[in-house]
Amino acid sequence: MVNELREAAGKLLDDGKVDLVIGWAKGSLPLASTPVFISSSDEADQLVFDSTCGNNLTVYFTKDNKKISRDRKKVGIFVKGCDSRSLVLNITEKQLKREDVTIIGVPCSGVIDTRKVRRKAEGREVLEYSQDGDTVTIKGKEFELSVPLEELLSNACLSCLRKDAEEYDLFIGEPRKFSGESDPYSDIEEYENLSADERWERMNEEYSKCIRCYACRNVCPSCYCNVCFVDQNDPQWIGKTPEITDTMIFHIIRNLHIAGRCVECGACERACPMDIRLLYLNRKVAKEVRERFGSDTGTDLDQKPAMADFREDENQDFIMG
Amino acid sequence: MIRIKKENISGFIEGLMSDYVLFAPVKDGETVSFRKIESADSIAEDYMNTDKSPKDIFFPPAEVLFSFDSGEITKNECSEKPFAVWGLRGCDVKSLTLLNMVFGTARQNPEDEMFQDPYWKEKYDNALIIQTACNDPRSTCFCNWFGGSPHDGEKADILVIYIGDAYLLDPKSDKGRKYLETVKNTEPAAKKDIKEAERLRAEADSSLSAVFELDGIVGRMSGLFNSGVWEEIGAKCVNCGACAFICPTCHCFDVQDEGKGKKGKRIRIWDTCMFPVFTAEASGHNPRELSKDRLRQRFMHKYSYFMENYGEHLCTGCGRCVVVCPVNLDIREVAKKVMSYQS
Amino acid sequence: MSEWQPKILAILCNWCSYAGADLAGVSRMQYPPNVRVVRIPCSGRVDPLMILKGLQSGFDGVLVSGCHPGDCHYISGNFVARRRFAVLKPLLEFVGVEPDRVQFSWISAGEGERFAQVVTKVTEDIRKIGPAKRLVKGA
C-alpha cells in the first residue's frame, strides 16, 4: 500500500495537479509518525501510512498553519475517515474550497494510543513496533510482545463507524462504506449511569491533571478561532491557572464550541501529554447532537452545521413548562 | 559513601519526611509526576523519568505572589519546613541549577537582591536535592550532549545509586554530608558495592547514543535567524505548549491578578513563547505573528540566547519534549538540521 | 447568622422576559428576592460561558429566559439558543452538576405572573439542592 501511496502523491505532483502534498512520514520514535509536506515527487518516498499515523492533517488548513496551504494554490492531503470528515466540515464552514484540495483517502484500520502500548509494556520502553495484519509486535530491551491491534487502538477508533473517507478524489485501495448503525455510545451511556457524585469525582480526577498546554485545542481541526476564548484578556473570561474550575470550564466550553463540529477523531486525546480521557466530553456532546438533531458531522458537503441550524418544532423537554 | 539495605530504605524516607516536606515521584494513572508524599510506599519505583518535570515544585504553574484586601498586602509565605526532593534524575538536577541562574543568582548585579526572586530562593536554597542515578536511560535521553551522564551527581546534595540489594548514598555537598551524618541504620559502602556502582555507571553511559556536537550552534543559529530553516522545521508545529510545560528548563511566565472587588491575589502563571498571546501587544500587533517565529524563539532560547547570557544551553537532554510532542517535532533533529542547513 | 439564601443569576432577554419581569414588578406581584437580573438583547446572545462564569463566581443557580419560540424579536435567536441549551444542560449534568442548578424558560412580555411563578419555582428548587459547590471557584 505504501508504494501506491507514494506513487499517487508523486504523480499528482508531477502532473502539476497539486503543488504540495500533506501526508505522514516515519517519526523519530518507534510509536510516532510525523506530518510531512512534500513538494516534489522525489521526496514522496518519505510517505507512509500505518496505525501510528494518528495526526489529523486537516489541522494544517487551519490557524496559522493555514499559511502552508495559503501559499500554495492546490494542495493534496492524505486522509483517514475521520480526517476527511474534518476536511468536509472545514469546507462547509468556508475555511477552504473543495476545488483547491485533492483528497486522497487511505484505508484505515484504526490508529494506536501510545499510552495503551506503554501500559502493555508495563512501563518498559518500547524500542520497536511492527504490525502484521491485526497483530502488533512490540519489542524493547529484553522483552517482546504480540498484541492484537484492537487492544492498542485509540478510544476514538473503537467506536468509529466510518473508517474510510467518503469524500475523496483518489483512494488507495478499496474504500469501505459506512458500516451501518451500531451502538457507538455504549461507553457514554455506561458513564451516564454512574451517580452524579461519582461522575463529578471522576471528572475532577481527570481534569486536575490538565496543565493548560492546549495541545488538545491546537491539534483539533475544528478549533480555529483567531483568538480562542481562553486567550482573550479584555475582558478575561476565565483564569489561566490550572485551577480546577477554570480548567473544567475551559474544557466544557471548548466542547460546546465544537458541538456538532467534532468528528470524534480523537486527536486531542492522543495529543494530551497528561493522559486525560478527553473524549468523554466530546462524545457526550456528539451523542446529544446526533440524538437530538440527527446530524452526522462532516458527512455531507451541503450540510449546515448543527448548532447554526434549527427546526421550529424541536424537542424542548429541558425547558420549564 | 554509605550503604542502606534495600529493606531499610523506607526508614530513610520516613526520616526525610519528618525533617522535610518530601516530594517524590508518584504514579498517577499512566503518568508519573513529583508529588508531596505522605508515606514511603507511595513512591513510584519502576519509572524511567517522570512525565512532568520537577520544576513545578520550585516554580509552580500558578504561584500566588501576594494577596490584597482593601490596600492591605500579604506576601505569600512558603511552608514552615524546607523541601526535600527524592528521585530526581541528573538532567532534572541540572535543570534546577539552570533555573537558579535565572531566579536565584543576581547575575547583573550580585550585590543587588532586587534581581533575586524571593519565591524561588526560599524554596530552592533550603531544599535538599536527592538524585537517583539512572541505571537504564531511555532511547530519548541525550544528557551526554550537554556534558551530563546518567550517574553524574555533582550538582545534587546526595546521589543515590541503586545496586540491586542496597542503595549507595554518596554525599555531594556539605548539606548532603551533614544530613547523612544524622541518618541511622547505615553501613559504609563495601569495595564490591563501589565496584558494582562503577559497572552500572559504565553500562548506563554506554547505552546512550552518540553525542552530537553542538559546538558553534550559537553562531549558526543567529546566522540563520532570517533563513527558511525555521519554516521547514516549523511547518508541522501546531504551537501547543506541551513541550514547554513539561520541559524542566522552560521558565517563562505571565503575571495576573485574580480577584473580586477589593480582594484578590497576584499570581505568577506559566506561559510559553509557543502561544500567540505571549507576545501580543495592546495595539493588536504581534511581533511573533507566525507559528515559525514562535518556534524559532523557543529553540533559539534553548541553544543560542541562554548560552550567550549564561554560558550554558537551556536544555539538559531529558527527552520529555521528544516523547510528548503531538506531531513528533524532535528537538534533537532540530539541532541537527540547524547544524547542517545550507541556505 | 440568618438562614442561607440562594443567590440566583437570571439572564433575561430584553424584549420578552425582561419586560415580563417588569410587568411582575409594576403589577406588585410577590416573588422571592433571590434573583439578580442581567438584561441581554436576546437569548441567542447567551454564551454558555456566561452561565458557567455565573456558577464559578458563586451564584447558586442560573435561570435563562427568552421569548417563546416563534416570538423572537430577531426572528430566530431563541431557536439557535434552544439548541445550545439542549446540549449545555445534559453536558453539565454529565460532569456532575445538579440538574436543577441551571434552568431555562420562555416568558413573554405579558406573562408577569408566569415570571413570578418561574422565579418562585427556581428559587425553591435551588433551595432544595442547597448551596452550589461544583464548578465554584474556591469552594
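By written order: A, B and C. Residues from 1 in each chain.
Definition applied: a contact is a pair of C-beta atoms (placed from the backbone, for glycine too) under 8 Å apart; a residue touches a chain by one contact, two chains touch by 3 or more.
None of the values given here were measured: they were computed from a predicted structure.
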item	value
Remotest chain, chain C as reference, centres from CA atoms	B
Chain closest to the assembly centre - both centres taken as Cα means	A
Averaged-CA centre spacing for the pair chain B and chain A, given as whole angstrom	31
Whole-Å gap between the CA centroids of chain A and chain C	35
Cα-centroid distance, chain B relative to chain C, in whole angstrom	48
Where chain A touches two or more other chains, by residue	239, 243
Chain A-facing residues of chain C, complex	48-49, 52-53, 56, 69-70, 76, 79-80, 82-98, 103-106, 118, 121-122, 134-137, 139
Chain B-touching residues of chain A, taken from the complex the two chains share	27-29, 32-37, 55, 59-60, 63-65, 67-68, 115, 118-119, 122-123, 125, 127, 141, 209, 211-215, 217-219, 227, 231, 233, 236, 239-243, 267, 270-271, 273-275
Of chain B, residues touching chain A in the complex	28-31, 46-48, 51-52, 61-62, 136, 138-140, 235-242, 244-246, 254, 256, 258, 267, 269-270, 275-277, 289-291, 322-324, 326-330, 332-333
Complex contact set, residues of chain A against chain C	191-192, 196-201, 203, 229, 237-239, 243, 245-246, 248-249, 252-253, 255-256, 259, 280-281, 284-285, 288-289, 292-293, 306-310, 312, 314-316, 318-320
